[in-house]
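Listed after this line are the structures, all set down as structure tokens.
Shared between the two complexes below is chain A, which pairs with chain B and chain C, respectively.
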Partner chain A sequence: MAGVLLDRVEKTYPGGFNAVKGISFAVPDGGFCVLVGPSGCGKSTLLRMIAGLETITGGQVRIGERVVNDIEPMGRDIAMVFQNYALYPHMSVYDNMAYGLRNLKTPEPEILSRVQEAAKILELNDEMLKRKPRQLSGGQRQRVAMGRAIVRKPAVFLFDEPLSNLDAKLRVQMRIEIRKLQRRLKTTSIYVTHDQLEAMTLADMLVVMNAGRVEQVGAPLELYERPATAFVAGFLGSPPMNFLNGRVEKPGVLRLGDGTELAYDPAHFTATSGAEIQAGVRPERIIFSKDGSGIPFKLELVEELGLGQLVHGVLADASFTVALPAGVHAPVGDAQRVTIAPDAVHLFDRKTGARL
Partner chain B sequence: MEKRAIFSSKLLPYLLLAPQLAITLIFFYWPASQAVKESFYIQDAFGTTSDFVGFDNYKSLFEDPYYFHAMGVTAVFAAVVTAASLSIALLLAVQADRVVRGATVYRTLLVWPYAVAPAVAGVLWVFLFQPSLGILAHALQRMGYDWNPTLNGGQALALVMVAAVWKQISYNFLFFLAGLQSIPKSLIEAAAIDGAHRARRFWTIVFPLLSPTTFFLVVVNIVYVFFDTFGIIDSVTGGGPAKATETLVYKVYQDGKLGADLGGSNAQSVILMIIVIALTSIQFRYVERKVTY
Partner chain C sequence: MVENRRFGNLLPHLVLIAGAIVVAFPVYVAIVASTLDAETISNGHMSLLPGSHLIENYARVLFEGTGSTTKAHVSDMLLNSLVSALIIAVGKIAISILSAYAIVYFRFPLRGVAFWLIFLTLMFPVEVRIYPTYKIVSDLHMLDSYAGMSIPLIASATATLLFRQFFMTVPDELLEAAKIDAAGPYKFFRDVLLPLSRTNLAALFVILFLYGWNQYLWPLLITTRDDMQTIVIGIKKIVDTQDALTEWQLAMATAVLAMLPPVAVVVFMQKLFVKGLVETEK
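== the complex of A and B ==
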């Protein structure tokens, strides 16, 4: 058991490409940290650097008390679950799980008991242990990959987009299983994904990355409710946050592009009058007004999700989405008005994207 | 994914196959059937008459100590050349797989020997090891080694083997390199995290995953030694000294072309054909079943 500490970690490839630009954060012992970001943001590179599969060109990675920069992967006391599972195709499931222990010269009786213990946790029966990986379904292979990680009882689990090869239904199921397993074993875990929903649901601690940098670190709900940048605000949440360009008219009032006024809570933002801003509003924080008050909204399309409705349209010359809960129906007709509560409005600097 | 063409007329598919079938018939089945037929006949020295003798040609073949000698030479030759060319090629492929800079140049250079004609390759090695002219022969003699492949049968066989191995490494190298590159990198990484050192990763992960390639190459190399080393043997030693480098295929040539024993020579080539058909069918049967994972 050990925490993981990253201190100004850098990755520059020989060609000069700077994939990871000075990242620092600490994962507490037993914590579940999710690295999330769009593809190419450096999250997988960072995970591979923690694993020892990529060299660290700057800064330090610590696992527990040790600086592991120059330690081989096998010496880092980690286990990794790969996106394609990376099961050894010529070995049985049992041998796949036993491989790491055999390399450590563990006595066979202990290997047997540890593999059986892991198989029990992962609900793999004896018959499956005899099979070759190609005779298993995607979900079962995923379990074997996890089994291979847990039999060694490492200090840290690393997951590199482990669910992206599964179909949607299985992904949700495995997501829950991974979370339960981690709660049970209390092993520090670092998990990479590009799926914000997976990130939100799994993490104790969410690290949102963009272009080799950390945008924000914190608990999932904290990031959702108080995004530090417009990028985080737009990345977390589905459907994503709506953004409107405008200017601060006076504290508490924004003037949007087409001249409409929008109120915000001045107690939470330090915007000065005249500042060019980007206002963000979550789709679920908007309601249709029935009395003719509010901001004009041109309704274009209604999507029925069963769980509710998504109403797409245009507000102040920007495309805009309203999410309605189940039982609430979108009004009929394309000329509508919506009300947005002042405390639902987030303000970001239009140039830097930082929260004001 | 199954792709099936639907032909409206029955004639067209046969027409499309015709060129391939014609080539196979003219250049394989016809000469092969001729060889089988001739192996049951005996011709007089001038080729004017030929008499049916049944299995006499085969019988005398198996009473000929030189035939068993050629078989032994071929077996040793095949075993050594296959083992050596496969191991050296695998070693080179493993190294080439790790090269990052200049990989294409390196690989191209390694593939070149394959483009050299067997006879030219033979001449090259003759010059290098010719007792009075060759620089490597001089080097060996200076080290106090009594090098003379024109008199010493063992040395002659070694020289032919070196030339044959040198020529075949490129081919094996290409297949091994392709095989290595088709092994997902994440498997090697997973093994590294699982605590396997480089050598252990190779023997427990890489080598077993290469086994289909290795098995294929073993069969191809044996067939190569059986037939395609003719040019090398002919240009390096001519089967000598004292038949020390006479393999089965070289004996076919010696007895048929030079010894004018067409019937006996044909009987030998029929036996060779059976050996190769057996090897090839083993390959087809097992390469996709047993050796895969």
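== the complex of A and C ==
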């Protein structure tokens, strides 16, 4: 058991490409940290640096009390689950799980009991342990890959997009299993994904990355409710946040591109009058007004999700989405009006994207 | 083909049968000839039905020797061929799989140069470099030895290239998983790469064994003693006689014996081959 500490970690490839630009954060012992970001943001590289599969060109990585920069992967007390499972195709499931322990010269009875213990946790029966990986389904292979990590009893689990190769239904199921497993074992985990829903549901601690930098670190709900940048605001949440360009007319009032007024809560933002801003509104915080008040909204398309409806249209010359809960139906007709509560409006600097 | 065309299959079958006859008939003649006695063959009216001298002829070539320019027993020649073909096949595989492993999985200075040097050897088979190679082998006193017969033929680019291509298709994650599973380079090679290359090994072994077995020019050059010659040279020498008729029945028996080990290798390895093709691993 150990926490993981990253201190100004850098990765520059020999060609000069700077993939990870000075990242610092700490994962507490037993915490579940999710690194999330669009592809190419450096999240996988960062995970592989923690694993020891990529060299660290600057800064420090600590696992527990040890600086592990120059320690081989096998000495770092970690286990990793790969996107394509990376099971040894010619070995049985049992041997796949036992291989690492055998290399560490663990006595065979000890290996047997650890593999059986892991198999029980993951609901793999004895018959499955004898099979080759290719005779298993995707979900079972994923379990074996996790089993291979569990038997090692490492200080840290590393997951590199482990659910991306599964179909949607299985992904939800395995997501829940991973979370339960981590709760039970209380092993520090670092999990990389590009799926914001997976990130939100799994994490104790969410790290949103973009272009080799950390945009924001915090609890999922905190990031969702108080995104530090427009990037985080747009990345978390599905459907994504709506963005409107505008200018601060006076504290509490915005003037949008087409001249419409929009109220915001001045207590939470330090925007000066005249500032060029980007306003963000979550789709589920918008309601259609029935009495003719509010901002004009041109309705274009309604998507039925069963769980609710998504209404797409145009508001103040920008494309805009409204999410309606189940039981609420979109009004009929193109020309509509919506009301946006002042406390639902987030303000970001239009140039830097930072929260004001 | 899903459709069942009774007459549509006739023509392809005829072509196949004709091809099979062209290949199989000379072999059949050789087998028949090896069972006849000397007079039947030399009077020019050879029958196409087997004779009664099978055991006698084979026993003579194997253990007594013939009246031709070589006095060696065919059993010795078979052994020589077997040993050198095995050394060539195993040696080539061992060297090429290791060099491919180095080129694909390790970053070392002049790695590109090493690869191109190996690649370049494709352009220099033994026949091209025969004089310098002979000089080296003779200066090292390796004439008339198994080492001299096999080592110069071992260095091989084709097998290295084949393994290189195969290793490059093995997912990187396997190497990374092995690294995390505390397997060093040696263990990864032995426990992961080698078992995965099993079918490639079998295929290469067949090809290289036949290559070694069928060597003619090189063993001819460097063997001078009768007891070191290979079966392929032996066939040629048994046909050559001084002041006597060629004992064709013995030459044919030798030829049949020379065919057996390669056939056995192909037949035996084919099972592994097909098995490997059916269960695609990785």
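One rule holds in what follows: the second predicted complex is superposed on the first by the 356 of 356 C-alpha atoms of A that agree within 3 Å, B and C clash if a C-alpha of one lies under 4 Å from a C-alpha of the other, contacts with A are read in each partner's own complex, and residues count from 1 in each chain.
Following the convention adopted for this analysis, contacts are C-beta pairs under 8 Å (C-beta built on N, C-alpha and C of every residue); 3 or more make two chains touch, one makes a residue touch a chain.
Fair warning: this is a prediction, and the values are worked out from it, not measured in the lab.
After superposition onto chain A, partners chain B and chain C are found to clash with each other.
Looking at the shared chain after the overlay, A:Arg355 reaches neither chain B nor chain C. By the document's definition of touching, both partners, chain B and chain C, reach A:Leu53. With both structures placed on the common chain, the touch criterion links A:Arg114 to neither chain B nor chain C.
Contacts of A:Arg143 after superposition: neither chain B nor chain C is touched.
In the superposition on chain A, A:Tyr88 makes contact with both chain B and chain C.
Overlap of the chain B and chain C interfaces on chain A comprises residues 51-53, 72-74, 78-80, 82-84, 86, 88-90, 99-100, 103-104, 134, 148.
Listing the residues of chain A that touch chain B in their complex gives 51-53, 72-74, 78-80, 82-84, 86, 88-90, 99-100, 103-104, 132, 134, 148, 152. Across the complex, chain C meets chain A through its residues 171, 173-174, 176-183, 187, 191-192, 195-196, 198, 279, 281-282. Interface of chain A with chain C (complex): residues 48, 51-53, 72-74, 78-80, 82-84, 86-90, 99-100, 103-104, 134, 148.
By the touch criterion stated above, chain B contacts chain A in their complex at residues 184, 186-187, 189-197, 200, 204-205, 208-209, 211, 293.
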